[in-house]
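Shared chain: chain A. Partners: chain B in the first complex, chain C in the second.
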Partner chain A sequence: MSGSRPYRTGRAAMLPVLLLCLLLAVTMAAGLKWGSRVFDWSALSAILWAGGGGTLERTIVLDIRLPRILLGMLVGAMLAVAGTLMQGALRNRLAGPELLGVSAGSSLAIATITVLHLPVPFHLHPLLALSGGLLSGGAVVLAARSIGGTGMLLTGMAVSAMLNGMLVVLIALGTGNDVNLLYAYLLGSLANRGWEQVARLLPWCLIVLPIALGLARSVNLLQLGEETAAGLGVRVERIRLTVLVVSALLVAATVAQCGPIGYIALLAPHLTRAMTRAQDTRVVLPVSALCGAALLTLADQAARLWLEPMEIPVGVWTTLIGGSVFLLYIVLRRGGGQHG
Partner chain B sequence: MRNRKRHGWASILIVTMLTVAACGNSGNTGESGQPQQQVEPVAGQETSAAGVESAFEPVEVQDVTGATLRFEKPVERIACIVSLCVDVLAELGMEPAAVAEGGVRTIASAPEFYGSAGETLPSIGGSFFEPSLEDIVTTAPDLVFGLQGVHDTLREGLSGVAPLYLANPKHYNDSLAVLETFGRLTGRTAEAEAAKQRFLDKLAQAAAASPKDKKALIIYGSDVNFSVITQSGLGGSVMAQIADYPWKVEKPEDDPYGEGAVPYSLERLIAEDPDVIFVESYAFGSDAVPISEQLAASPLWDKLSAVRRGQVHEVRSPIWGDGRGSRSLGILLDEAMAILYPGQS
Partner chain C sequence: MANGGPVRASARRRLLLVCGALAAILLLLALLHLTYGRSALSSSDMWRALLGTSEDAGARHILWQLRLPRVLVGLMAGAMLGLAGAILQIVLRNPLVEPSLIGVSAGSVLAIVLAMQYAPTLLGSGWRLALLAMVGGIGTTLAIYALNGRKGNHGARLALTGIVATSILQALTSLLLLRQQQGLASILLWNFGSLNGRVWTHWQSLWPWGLTLIALALLLARKAAVLRLGEEIASGLGLATGRTRLQLLLVAAALTAAAVSVVGAIGFIGLIGPHIASRLVGGRPLRLFPVSALLSAVLLSGADWVSQSMTLTLALPGLEHRVSSLPVGAVTMLLGAPFFLYLLRRSRPG
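Up next is the complex of A and B:
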């Protein structure tokens, strides 16, 4: 929290919110219209609102394209919220969900199934990925108790590094096909997901996102520094652990359904702060959720349409574009310090 | 004192680890510590080694990477670090000097290849991507047979040990060319020619018998994370001879490494709506829930006619996907014909 910069009111966020809503609407319209079949606007409207179109057209629009867009919005919002909370609570603008070990835990679970050819039914894969993510995230949270923000970051990095090492061992054991499939998961993708995945993610959104929003005030105080926050009556360690648990839950739920999708959690809060010129988590958190939703949906439609019918995992795009944008952002800001 | 004790434990640990490492590959050596000699050749396919050697003329071949290999005498001991090697040697009536574990061992142990004898072939440890050099050296092969794009970096490590031949067929004609090359290298040109003709006859027969009125699809993976074998993939090149197989790589950049297997949009699959789906599976024949049932439970996959009509068939990934040779492709052909056109194959 910058002491010299006063908190901006939510009014400053109105224009960015409108622009993000517009971007989301355009992306959604384009995503519904284009693909292996291109629909004209009237046909699309008939399918969406009037029960028009044949079975195939309705399946493509209503069962494939629409849920995929909604899934992108949910996942993007959840990742962005997790990133915002972690950056605020750990007072480090480079903190992200990868430091929770959640992605590594989920990836390890899926790698085990894929490489060792375990006869686990498909519908149990997300559940096992979720368990792997929660277990590793839980281990980080437990190990990080009472050791301060930097200690938490280092613990997360150590656990992630260990799990990633085990992942590499598994990759080395796999066949070519196994590794191809595993990479598709490790890069993160929204392809071939439908209402089933939306339904699995929705409860997490409905339960955990309000809790996350409720933490905004405490995170604001944490950003003032541990001593100041404690002086203002904040139970620093407890709040920090709560933030880690909430972030782990948000990330684990998304990784279980779509694999680890990079850079959204890192980029969305930064872009939001830059657009709204606000540091107040109560403003940044919801706008960041919107920003994450718009970014991921846009990246996913690019991934889907660029080389259609081939699908490039969206994680490739978020990493390529997100990495470049983030680098540019850092250069423009001349460094990524604590309050960057 | 405490430090000395700690050093003592460390020394014991290091000695133990070295001992274990030294004994780790004992399966590759005989009692004398020398490389184990080849086990008995496949029954009924033996060729006189002396006869072969006397008729052999020096051979120079180029592998798919352009590397030139020259042999003054017939190649007898071949270390297989790719399944195609097992396929080729089985067609030539030879046995591998050693096989890599995982998929290569699986295909060697399949009933159509060496059966139970495949389970006892000397082992090359390590992983598919990095087979153990130590095990290869211990095997003392005349030639190591690997996969282009995976084992290329082994060439340097094998220099002075054995030449490395790399292949990666994209079409069944490429597989037949590899078979012929190995016929020349081993002095078994007659066996290679016979195997090639057997496959081509089978393919011609199947193509003639096929009304080609079924749309087929080969995939591997799960419900959300899968790849489609395209026409430019080996299995696709065979399937296109006996069925409508519309799965193509539209632009070269879609498949930059020429794998012939690309992630595909489910939207496109639903629009094409194949009649029969073959799923390459490693859990084939296990107690796992059949993939057909799993896909039928998915609201999206259930939109496909093949899924609704129970026309999703699990096939052996080690043979359909990894085999890459004429024997594996022949098995693919037989199994696909029996499913696509029952009663006509």
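Up next is the complex of A and C:
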């Protein structure tokens, strides 16, 4: 990769950060204003700041639209951070939770709980999702250790296919025609979520994101290559394992609330690196969190508003757009890639 | 070369043996399928219906109108998918490819769903549906082939491109189906593949395509054998390699599309069948093609039987009184994905 390039400081990141904040603010405002009921700006600000508006209006804005946007931001940020960490730790720019089987494992765990009505309290769901994600992700990483980057992705996809097969078995056997379950466990959606989900996600976010930021320095060293990192006194395997567990944790927490939302984790780091021209994980990590938040809220609001009143789960859109970009990237990279 | 005669004779004997055994298994599976299914009627009733001695109209209806067409569709679709897989593996010189892995199935499904939504009048009869599916399947094949370029078709990269393309096409299909408010049932049907509710009309729209294309593929087997020797040797022997490759690709895509237009995107059958077949009779297309078709028919039919009878025995908490049918695509996925992993590890040592 480009480990030899001198790391830049965060100054080059200022403009992208400002732009992303602007994008996020615009998306948020648009998401609050439009929908099956359109508010004008003064009414909106009255509801938000002055406690105005009727009960119905307040419910729509404060209990339906606002938590959804916040949830989208949190999930997007967590996914993007997870993607950045994975790509750094595995030194593979194509790595992402959806391609390594982590998302599929987590959603299978959550689906098992829901479909079979297992008596598990809600706040433990992320932990079970984590164990599912870690099991499948760990299996993929271990199984593919010797076969290089592309091989690892293919292994991940095969494992995902297997887990998705089990998921379909579970849904088909368990629930007949429950479309909502499919949205939640196969496609990934932010619809019909409220403050409850935000509250469940927030602790994970607050605990794990700082840890992830703390790992940025180690990821920087890992990016230099295994031998260089070991020469600099890094315990490569242990750090790598920590990083993977942390990113699996981030993904699992989001999957427990929203299902597997694809390709955000893959796309956000790439976009960030392209925008900031930085390789330093200490810069890339926070900016890509912002980028992921902006991307996911944008995609979600587009999914909500474009085909109104129909709603397509946001996971479909992110797969469509993110997958296409990813495909383009694989094809263009062919010349220079050394990983197969 | 001097002792080519006896070797060839023993290989032929082996081929006959394998084919005979497969045909026997096929027959056995069909009987199993017909008589041991999920219904209130006992299997002795079904046997009587099969032998024509039953007075029970219900049993006769179940056997002749519901189970038999399903068995036949399963066998034909399995054979077509297996053959398509075998052809693709030879043409692309890549052991990891399979119709559903390189996006052919997903492209076919997308074409069908598009037509269902925007031009339902086009779908008058089954053969038109298959034709539309072929447009989608062939288009996707050519696109993937072109995206990878001639050099990139080796190794795992083609599979990676194909899988990503598949997920994009599947997302598009889900999008269209969701807009149409058809929801889960049809997404499962099309994206995973299912044999549930296949009746005689499905069989009628499948068999003409199936027989024609299988015959065509077997006719091309000799050329495929030459192609398998490598680009330079093949063109040295006077084969128009580019044209042959294109012909084979088109036949494989058409086989897949015709099968998919009836049963949906059933995955991994075209991967497992040909690989086991090449273990049994070697990699020469003249033997490989028919054996992988037979073997894949056995596999799909067996997987279908498993998926049908699974609900009989499964007693998970909360599921006891559910009666629903599992799509066979889920079962083939569960069987096929580990197999893919095994191939992946074997194909890239070190």
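Methods note: the second predicted complex is superposed on the first by the 248 of 340 C-alpha atoms of A that agree within 3 Å, B and C clash if a C-alpha of one lies under 4 Å from a C-alpha of the other, contacts with A are read in each partner's own complex, and residues count from 1 in each chain.
One rule holds in what follows: a residue touches a chain if its C-beta (ideal position, glycine included) is under 8 Å from a C-beta of that chain, and two chains touch if they have at least 3 such contacts.
The structure displayed is predicted, hence computed values, not measured ones.
Q: A:64 contacts which: chain B (first), chain C (second), both, neither?
A: Only chain B; A:64 stays clear of chain C.
Q: Just chain B (first), just chain C (second), both, or neither: which does A:196 touch?
A: first
Q: May I ask you to decide whether A:154 touches chain B, chain C, both, or neither, giving the answer as first, second, both or neither?
A: Touch status of A:154: second partner only.
Q: Thinking of the overlay built on chain A, is A:185 touched by chain B (first), by chain C (second), by both, or by neither?
A: first
Q: In the overlaid three-chain picture, which partner chain does A:56 touch, first (chain B) or second (chain C), both, or neither?
A: First partner only.
Q: Is A:117 touching the first partner chain B, the second partner chain C, both, or neither of them?
A: Both chain B and chain C are touched by A:117.
Q: A:35 contacts which: chain B (first), chain C (second), both, neither?
A: In the superposition, A:35 contacts chain B only.
Q: After superposition on the shared chain, which partner residues are touched by A:304: those of chain B (first), chain C (second), both, or neither?
A: first
Q: Taking the superposition as given, does A:325 touch the first partner, chain B, the second, chain C, both, or neither?
A: After superposition on chain A, A:325 lies in contact with neither partner.
Q: Considering each complex separately, which residues of chain A are in contact with chain B in the first and with chain C in the second?
A: Correct list for chain A: 117, 172-177, 179, 181, 307, 310, 312-313.
Q: Which of the residues in chain A come into contact with chain C in the complex?
A: So the residues of chain A touching chain C come out as 115-117, 143, 146-148, 150-151, 153-155, 157-159, 161-162, 164-166, 168-169, 171-179, 181-182, 187, 262, 307, 310, 312-313, 316-317, 319-320, 323-324, 326-327, 330-331, 334, 340.
Q: Going by the contact rule set out above, which residues of chain C touch chain A in the complex?
A: Chain C reaches chain A through residues 96, 147-149, 152, 155-157, 159-161, 163-165, 167-168, 170-172, 174-175, 178-179, 181, 183-185, 187-188, 192, 267-268, 310-311, 314, 316-319, 322, 324-327, 329-331, 333-334, 336-338, 340-341, 344-345, 348, 350.
Q: In the complex of these two chains, what residues of chain B are touching chain A?
A: 102-103, 127-130, 147, 150, 220-227, 249-251, 253-255, 259, 261-268, 270-271, 280, 282-283, 286-289, 294, 297-300, 303, 317, 321-322
Q: Quick one: in the complex, what on chain A touches chain B?
A: For chain A paired with chain B, touching residues are 35-37, 56, 59-60, 63-65, 117-123, 125, 172-177, 179-181, 184-185, 189, 191-197, 304, 307-313.
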